[in-house]
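Chain naming follows the written order as A, B, C and D, and within any one chain the residues start at number 1.
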């Protein structure tokens, strides 16, 4: 209701501000008997953590997930799975000079308009720090999906105007995690890195696109008419800080296509109904059809730039602002893990929903 | 839970198949004292109705909204507002030959995989006919929004490769409803019409884009972190049949922008805090900031084409299909009203949510 | 949210006023493939219908359930199951003289205070007529429960001070539906009938108690800590018009018991874990344990009495009121079917929830 | 969905087991600007804490509520309010001998049947320890209600067969918190204390009744037809461990009353509409009418008794059990605070809901 929960059966509620004691989450509805592989969760957390590449902030966040409840001998019990992630490397002083000004294109102004309160310490609840909780919960979801052999893999497909001009089917999946920007094309990645280094010098930031692929998803997930699978994925993705767009299958390009070009013909391959193409992106009528699900998420540039910007203070007086702190130049390489996590949460919820129809 | 409800406080539950007795909806949570202007509702319904332009099916649906409950002397009472829309111009026989084949890129196959049932009559619940209920409920929502002077206007901005290359701020709003395709640029519209006529002859269909603008929305709507205003809008839009993408503000283009280009600077105009630009699209940190909200929704081409297509029957045998019936060439001009309706439902729900925070 | 829905997975939304065109409901989340036995539904509806016994109003309500959607060849499809029940025997004129007065212990005053609207026609939404929708939906739920061999049976155990002083295990189940008051003890029933006849002459009404038993419910239903099975049953029962109390197992009497008297010892009977007693009433820790679930629901006397009462009009002026119309003397015999229906809705919802934990 | 959340707008999600690191909760939907009076919260916690009277366990729980998020300078911000209460005085060894047996009338068996897991450490999630979180959240709710001058006060009205035979209107409210059993009648209380001492010696336990009164609640709270105020109160109360019954107003006694005795006549007192009596218990048609709301909650005896009981082990073998540990003889004096807390949560939720109707 107040926006800090997602999912209906597999339901995550999150809490915590960037500069408080800890952030955390509670998963209610996690089936019992899931073995919580802490190494896997740690690895997932490290994929989101900053200070890992040229595009990221130099803040060091350990992001250790500490489970408080819901486990017995390392397995889920069916009780709520609660966890916290302590905030270790805070420097509230970085934010002191922001106390009385609204940062352009940040949430400072809208939170103030909505709640009547100005918590200037690093954005408080609006900080992208909250996405660490999403990644932790997403890792739990991935452990459930693994039982069904469902795989989710995202990567950086574009930063600024530099884009991989290949379909996901043509990229080298193994290359993604080896690349500092999670871009599976070495050449493209080095161009991206050059751009980022240049923007860092300029005190500027840049946007980009994450592509995500879900493989081995069974047919039947999605609840028409309002909770279609793509609808829930779209909501999940647009809830990520800085996300500005979502498209699946042929996406925006499908607006230029004819039905005869777009439609995925049915075929019979070895007595199995298959599809000759996958323009649909694995979802038809709001329900997964068994093919790969793939989608893109567009991210705007990070708002915190050190370049001078015009703004006003809380009293409305015009002034200039130059945001110091330690900020990302491009959020996209880190957002890859958040996109995957949100996809995992959506899929797990729908997977459990499907069981109620049997 | 099972997907036929949307909204939390202002909550619409819909029901009905394309070829049953009626479709309908129940709105729970409608505040008392709203005067139901039946003429307005009728007008909104007519905007969605087919047979209105070259792009549409020749089916004639009267789409009269009949209220069953929740009204006293024409005003809402706070009780659930239920209504039905009878299905009048059905021709089930049109669908008889589809009984045993799956139509490519339709929901036939996925519904069968999910529910184990094959209701071949015009798509049953998966038919876009259900959107008539959305428009009816959206009209009620608009009556509430009108009290707050919030205006929603959508239009056709692209069909195939033919696009209006203007911002919404530069178009002639008055021209929208006068145009048969709801495209506010006469020249562009006539090119679109030519394209559609040509595709009709070819037995083909085409996709397009709807642009939607919300004006006079107060600051404060949206519930971070998961129910951000753009997240709920994205979900609402992607729940519309044939929608493949959503972007708001600078959308996908923002992936190519620098922070210094993108950020909306604050200004003080006559002692009011304003913004020098609106790349954000009226939402920051998931909460409306008082500026115009604008977004695009991409639609794929209609799946039902009369051109011959490869498919399989229920037994998996390969065969050809040529869909007769009476279908739209391009759904976009009619989708304009559905996009507006869904936006109205989302805004009304968030408007009522905002009250709980005061 | 606004109170007209119940259940989470098997979710019923109801609508309609006593004196409008129809009342009705939408069930979302009904699994596909359930055969809707219309005769059974009709029979269930007749159990609630008035004019069946000495305690009831002489209004004749046919209460024909008309399904609008969600069925194909008589089976559920997984789509929302919508139905209406037309209001046939209305006499709005009966209520004309109530236009300006508040009936004591009715909902007139509170609805007016909440919604600011006075719909005097038979109570509008607050009329017990809405329970017909509960019975219809409960009948659908019973068809699902029947697949699991779960049986629900309620009966009249007390009217006024006349009570059956037997446990449910000692009554003759077969006698319930044969008795005009649904009291399985012939002697007690005739005393009750005498009391009712006398009260009718006096223009008065009387309260009573319904006892309900659920047999063959599997262990595992109930979602601690807030959605315990007894908690959802209690809510369901207290949502029935005129219900004033709920107790399960030993109920209020358990407040006088010692642990050593109350506790249900475990036994091993033929290699099956069983219980030596069932003071718990089939639920422990909020979860069904496989034993019979039994509970009592207390009902206050019907508020509409023809005896003169003191009241005020809408302007606050004191006046007298004598309610004519055609009203029940005791709601309990008809409430039996409503109690069963609500129990069926709760159980079905929890049964489907249980599947998400596997 | 999975049962660990309560409320819709003011929504509490709880987590934690009796013998883990901590228990805790997250409140989402708390309005901003509420000053969190930590002293008040501490006082409320102490009312629930054990070792305070003859009826209670000798375990010492400090029950310090530590807020993790949602506060800025001691005031709520509108962000989720998360808190933990560390488990300090655990003695898991007390439970070692229970590892392989099911305690009679405990949740051991049903949890095992539902989740397939046996967490023997003090009941895990099913321990009444979780109610500490309810009291903490209830204290926050009371701070909101205080702004509306709504007061909630509960007390021990019966233990075993020893009962206060007075209406709540005739008791001395000031005496409640001074009494070790929270029984406002000194004479009755000393009889109760004698009974408890005697049962302690016998290794037995006893049930009882809590009476709760809500004063100054405005008219208009409650959402018919399913979320009536009494329905939500009933659910909240029956979700408390050991609760077996709920009744409001005249409750079960109303089953013996005539309409002419029961109905609350309207009066005009100094130009204000009032009621001549309050048999209804402050709620009519599911909506508060402005009068005092009062209700009773029946509690069964504590299951953990040191007297020997028959049971079976996990393999089904019959055996005897004598539960040592440190347990309450009668839960009722401590349950008083839990009943108040749950009432506060329900009222706050409905108070915020009411705002959406305006």
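Just so we're on the same page, a contact is a pair of C-beta atoms (placed from the backbone, for glycine too) under 8 Å apart; a residue touches a chain by one contact, two chains touch by 3 or more.
The structure displayed is predicted, hence computed values, not measured ones.
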Neighbouring chains shared between subunit C and subunit D, ordered by label: A, B
Maximum centroid distance from subunit A, chain identifier (CA atoms): C
A-B or A-D, whichever has more C-beta pairs in contact: A-B
CA centroid of subunit B to CA centroid of subunit D, Å: 47
Centre-to-centre distance between subunit B and subunit A (centres being mean Cα positions), rounded to whole Å: 26
Averaged-CA centre spacing for the pair subunit D and subunit A, given as whole angstrom: 40
Shared-contact residues (touching 2 or more other chains) in subunit C: 1-5, 8-9, 14, 29, 32, 78, 114-115, 125, 353, 356-357
Residues on subunit A engaged by subunit D in the complex (per definition of touch): 1-5, 8-9, 11, 13-17, 20-24, 26, 28-30, 32-33, 68-70, 72, 75, 77-82, 84, 114-117, 119, 124-125
Complex contact set, residues of subunit B against subunit D: 8-9, 29, 31-32, 78, 352-353, 355-358
Contact set on subunit B toward subunit A in their complex: 1-6, 8-9, 14, 102, 104-111, 113-115, 125-126, 130, 158-161, 199, 202, 204-209, 219-220, 222-228, 230-239, 241, 243-252, 254-268, 271-273, 276, 279-281, 283-290, 296, 298-305, 307, 309-312, 316-318, 353-354, 356-357
